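In the two assemblies presented below, chain A is common to both, partnered first by chain B and then by chain C.
Let's turn to the complex of A and B:
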């Protein structure tokens, strides 16, 4: 049962991370390749506060969110000057830069050795020892992430984001200060990624740079795209699917030496199939079909 | 209130798109900008609305120098525009496209996050968007996705979005080109009623019949310069204008 809760926790953390990416990329068209780096900022902030200053998760999480939001400012500055591919390349550079900081700022991050023995203290004398309790926290975080994404992507704020995503000139011609919207959405996206990182550090009790590389960013982007980057729940579905499928392969009876490469192959084929046949992702395409059927019946 | 351009210059890779262009648009009128392809009509509009950095010269709205302003800042001074190629939020409904143009407290981050007190404003804006759609004849298509509209309806929707901003100036880039004669008639009627409400319109157009029917003033551009400007009947009565710039 603990193992099942472990899967829920990892899926919940990655779901929040995928939602944070979908908020900036799916709603405002700002596809960042640095979500893992911002996630890492949140994780290291919590780890350092818990290990060095004895601040529990209740204090570490808001600090991680704030620091991760601040760490997103360079992305916002890039977004105000660059568009499309150029912005994506800038975020890639930022991902590499932050990953390098985690690796080389040994005095603070302990470099490749990482920070170990992070206490699982939530508040005062409340420690979490069971995975079931942690799974609840992870689920609450992912639901809250979706809630924030829902608030910001619906209504007047969301309409401006969609203008920016589809054609910035529309928003400009309507008198919208697109720099403000980009700044705000990237800060919120960063804060959510920071919160996910905070939970990750507390759960694993260990952080090292290998968890925050460009590969992780690509995995997060894949989760959001597979589930439906423009939908609210799609990234959650994508994260659940991409965390669950490798775990299911473990129980297929296939030897580990075969299962690992097979997992990679299945992952690759599934990704190509989804991009070709469901370009809006699992939920996005389902929603599109429902809409078109609804229009036909009208 | 006027929109004014003084000595505008703009080069594209050595080609002069605007050459010392001076022009003034007066309020409560419908002004048409005509001229052959490459005359600099869209370049002039882009410069006036801040979408294009000019090499030299100055732009004014009333007495405010807008030369260094961003497009959104100029739009907030009361200038709305459409584009030569229709630009819409394609995946969204007609009403959502119009509502995007109506200023709302919900655009403020804190209001959006808390959703505090936005219900009444949303209802008010929704009603207003429906009124605008009724005005342009798209009321029955309010829930249709923008991509499902005909080209002419898409142009009308882009125009409706302009109207919803409540800007005093509407700058339209070829509002009737490529649309059916029925929609052209409809658009002409709409433009007239908009001006009666006290708004001013500047539009670029190749359709001389439409220009004759609706414009009070015509500005003829050629090779980046204003060649003639004046009352529509006078300008279009000149044979040299009709032959040289309109064909």
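Let's turn to the complex of A and C:
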């Protein structure tokens, strides 16, 4: 049972991360390849605060969100000058840069050894030891992330973001301050990724640079794209599916040395297949089909 | 010390120049950042490693690695990118597909060969040859000579041959090229073939010097891409000299920055150049 809760926790954390990516990419057209790096900033902030200053998750989480949002500022600067694939490549550079900082700033991050024994203290003397309680926290975080994404994408703010995504020149012609909107959405997206990182560090009680590499970013992007990056629940579906499939491989008796690259290959093939056949993702395509059927029956 | 540094700068410059040129050739013609190009770098090295392991001669193995690398690049274009282009996919979608290919190829190489470092030539460490200002091994000198020669041939071909001019036309304006009767898909396929062959050769030459790992291509992508952007992707020659400059900067950076930080400095430079150049990075003209 603890194992099942473990899967729920990991899926919940990755769902929040995928939602944070879909918020900037799906709503504003700013697909970042640095979600794992921002997630790492949140995780390291919480780990350092908990280990060195004895601050529990209740205090560490807002700090992680704030620092992760600040760490997203370079992405916002890049977004003000770049679009599409140019922006993606700049975020790739930023991802590798931050991963290199995690690896090489040994005085703070302990380098490849990582930070261990992070206390699972939530508030004052409240410690969490069971996976079931953590699963609740992870689910609450993912639902809250979707709620924030829903609030932001449905209102006037969301309509401007959609306009920026579809045609920046129209948004400019309407007098909208594009830079401000991009800045704000990337800050919010960064804060959600930071919160996911904070929960990840507290759950695993250990952070090291291997969890925040470019491969992790591609995995998160694949989750969001497979589910449907422009939908609200698509990234959650994508995260659940792509966390579950590798776990199923675990029961097939394949050795770890084979399973790890096999997972990556599955993510790669899934990304190619979805991009070629269902560019709107699973949920986005299903929605599109339902809408066109409704129109036909009317 | 300065003498050895100048030799290291020359060796790195010729190597990165070829990578940047190859990256520029394919990305400019196909009009998207083809990141899976770096998987060809790794693939070429591993194919050569396998051929040498089965007893094939060194030169034949290198030729085999280059041919397979070139064929793999063409297969990527035919199976994935040509279809995407026909559906009118944006450069962003093509980039994502390219990432998918990169992850898949890199994982398959890791699956078949393991993650450990292999030695390509399987020979004891070479003695350095004493030059005027320092030392270099015969393999390093041969690699620099081959890289430089191949880069010069590609630059001359792209500037003087009809095929090279067609590639330039397609890169500048694919719509107009099509209207003038140029078969753009074929031109892009040629760019994939030539650039992939050059990239595979770059991988083989690096592997001959420092060995091979499944992740070697990703590093090549970042330095090659940073170099091509620094010079400008709108001209093959400038992209080549951008790569040469990155090679020089890397060696000079190693002198002034602690070893572990100079790589980060290159990534930072990549972002700065990209942001400074804006959307002109792929030759897009901004009114």
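General observations
Operating definition for what follows: the second predicted complex is superposed on the first by the 276 of 298 C-alpha atoms of A that agree within 3 Å, B and C clash if a C-alpha of one lies under 4 Å from a C-alpha of the other, contacts with A are read in each partner's own complex, and residues count from 1 in each chain.
Here is the rule we use: a residue touches a chain if its C-beta (ideal position, glycine included) is under 8 Å from a C-beta of that chain, and two chains touch if they have at least 3 such contacts.
The shown structure was predicted, so the numbers you read here are calculated from the model rather than taken from an experiment.
Residue contacts after overlaying the shared chain place A:264 against chain C, while chain B stays out of touching range. Once the two complexes are overlaid on the shared chain, A:163 sits against chain B while remaining clear of chain C. In the superposition on chain A, A:218 contacts chain C only, with no contact to chain B.
Of the two partner chains, chain B is the only one touched by A:174; chain C is not. Taking chain A as the reference, the larger set of touched residues comes from C, when chain B and chain C are compared. Contact with neither chain B nor chain C is seen for A:241 once the two complexes are overlaid on the shared chain.
By the touch criterion defined above, A:86 lies against chain C but remains apart from chain B after alignment on the C-alpha atoms of chain A. In the superposition on chain A, no contact is made by A:143 with either chain B or chain C. On chain A, the surface touched by chain B in one complex and the surface touched by chain C in the other have no residue in common. Across the complex, chain A meets chain C through its residues 31, 33, 74, 77-78, 81-86, 88-90, 92-94, 96-97, 100-101, 103-104, 214-215, 218, 221-222, 225, 257-258, 261-265, 267-272, 275-276, 279.
Remark: chain C residues 32-33, 35, 80, 83-84, 89-97, 99-108, 110-111, 114, 218, 222, 225-226, 260-261, 263-264, 267-268, 270-271, 274-275, 278-279, 281-282 touch chain A in the complex. Contacts from chain A toward chain B in the complex involve residues 148, 151-152, 155-160, 162-163, 166-167, 169-178, 184, 230, 291, 295.
Per the touch definition, chain B reaches chain A in the complex via residues 49-51, 70-73, 75-76, 80-83, 87-92, 96, 99-101, 103-109, 111-115, 118, 122, 125, 144-145, 148, 161, 165.
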